[in-house]
Amino acid sequence: MTEHRPSHAELNAFLKAEFPQNRCTLEEVDETDGSVVVAHPVGESELRPGGTVSGPVMMTLADVALYLAILARIGIVPLAVTTNLSINFLRKPRADRRIMARCRLMKLGKTLAVGEVWIFSEGEDEPVAHATGTYAIPRER
Amino acid sequence: MTEHRPSHAELNAFLKAEFPQNRCTLEEVDETDGSVVVAHPVGESELRPGGTVSGPVMMTLADVALYLAILARIGIVPLAVTTNLSINFLRKPRADRRIMARCRLMKLGKTLAVGEVWIFSEGEDEPVAHATGTYAIPRER
Amino acid sequence: MTEHRPSHAELNAFLKAEFPQNRCTLEEVDETDGSVVVAHPVGESELRPGGTVSGPVMMTLADVALYLAILARIGIVPLAVTTNLSINFLRKPRADRRIMARCRLMKLGKTLAVGEVWIFSEGEDEPVAHATGTYAIPRER
Amino acid sequence: MTEHRPSHAELNAFLKAEFPQNRCTLEEVDETDGSVVVAHPVGESELRPGGTVSGPVMMTLADVALYLAILARIGIVPLAVTTNLSINFLRKPRADRRIMARCRLMKLGKTLAVGEVWIFSEGEDEPVAHATGTYAIPRER
């Protein structure tokens, strides 16, 4: 496993390059528990009629948060791929706030990493969604 | 439960209105088993470096396919919301083909609908992803 | 929603009556956040060759913990049923310790409750499994 | 990957040895698509008050069916372990019939196998539950 832990800036640069279409930004890397906070803006393109943030936007955010939580620990490994993602939608997010995901890994094995993601409307206490996901980590790196 | 089953054209019109940003199109409604086929184009915006269709695009497609399979059966009920979606990514999709989702409901209850979605690269036999999802159906309609 | 919150003893009595075959016991109800701790003994009947606690034992524990966390909040409602359970197995549990589940609800709505369960070998810090589950709550009670 | 495909009898013998407490039996191995059918008796020990087959019994059946579907393909590899299982409960099973699981693999990779399981009350058409699960396959064998 690589020893180099990428910086916050390196991770954001990688994110821009790897997922050029998505609008997530890495906000925070917690050095103590390795959790990351990732944000997604909410505007016209993220809303459905009625003012709900669309489910796919939250799934995108969960997937990116998991990916960044892994890369923050193992270094930038572009070949890690999601094998499974499961999400529960809990409450309606606010239409006028960014959505924020906090992801923490529950397991970082040699071939699989499993993490949990809580999604909130920025500044709110009650989660709007919760996801768990598994990434397969390529064997040789 | 409403008796009116919307036409293929009505469903596509609703999709355009409800999810204006997404690029899914309803391709087929099977009258015998109620399954639907939904397509998503694959181009620059759907690909990650290396030529993989991004996971969030497949999750979007799965979510839309579930939603349309339900609406095809109960009529256009804009307030149905996803409560849970779980997806397994199985194989790398092709970069030069649309991705196609076939969704069939396993249960259509009064308050919950549960469906299964198989995702393929157009014209290929082996699935690239499989999802199951639950939608909550509003009580009064 | 019923106002009566059942006592620890009432919940354990219900558990014995409702699931007579299973060997889970309610250990703790946290009044502040409503979480519950449920234990399952580990002996010959729970082990597979090699000394692993079998997956189904952990799934049983997760399901019971979710059920009790809900009943602790809404009162004893025998008709609540699991609609979905998703579990990730993270590490090998110890063969010589009970397994303990801590469950906290993420959402308690009128018709659906969603909870998260962490499973540990008693006295250990690292979780052996993590589950999320949804229960449907009967409308009239 | 081992070439030897175990016989129906070998799989049942292994099942008895590996999971001595559980009461599943392998009923069928379909040579064409590799699917397996596994049964579980339903009696006093499987029922909850009200005559419902308990959720954990169905989860056990799903897990065993996945395991046997994998072993039927790769040979008897005792170290394969479940990493994830997700189940949707769809309908109330009958109290007076066995429950039957049909499992088919969607992917059999070098390190991960993913399968789908449909559960029925014996002789009935409508599924009572649907599960998907992932097994990690040990690297050297």
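Per-chain numbering from 1; labels A, B, C and D assigned in written order.
The criterion applied here is as follows: a contact is a pair of C-beta atoms (placed from the backbone, for glycine too) under 8 Å apart; a residue touches a chain by one contact, two chains touch by 3 or more.
The model shown is predicted, which means the values in this text are computed figures rather than measured ones.
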Chains touching both chain C and chain D: A, B
Identity of the chain that, by mean CA position, is farthest from chain C: B
For chain A paired with chain C, centre-to-centre distance based on mean C-alpha positions, whole Å: 28
Chain A-chain B separation of Cα centroids, rounded to whole Å: 23
CA centroid of chain A to CA centroid of chain D, Å: 33
Where chain C touches two or more other chains, by residue: 83-84, 86, 88, 114, 134
Chain-level touch network, classified as line, ring, star, complete or other: complete
Chain D residues touching chain B - in the complex, by the definition given at the top: 86, 88, 90-91, 106-107, 114, 116, 127, 130, 132, 134
Complex contact set, residues of chain B against chain C: 83-84, 86, 111-112, 114, 134, 136
Footprint of chain A on chain B - complex, ascending: 17-19, 21-22, 45-46, 48-50, 52, 54-56, 59-60, 63, 78-79, 81-89
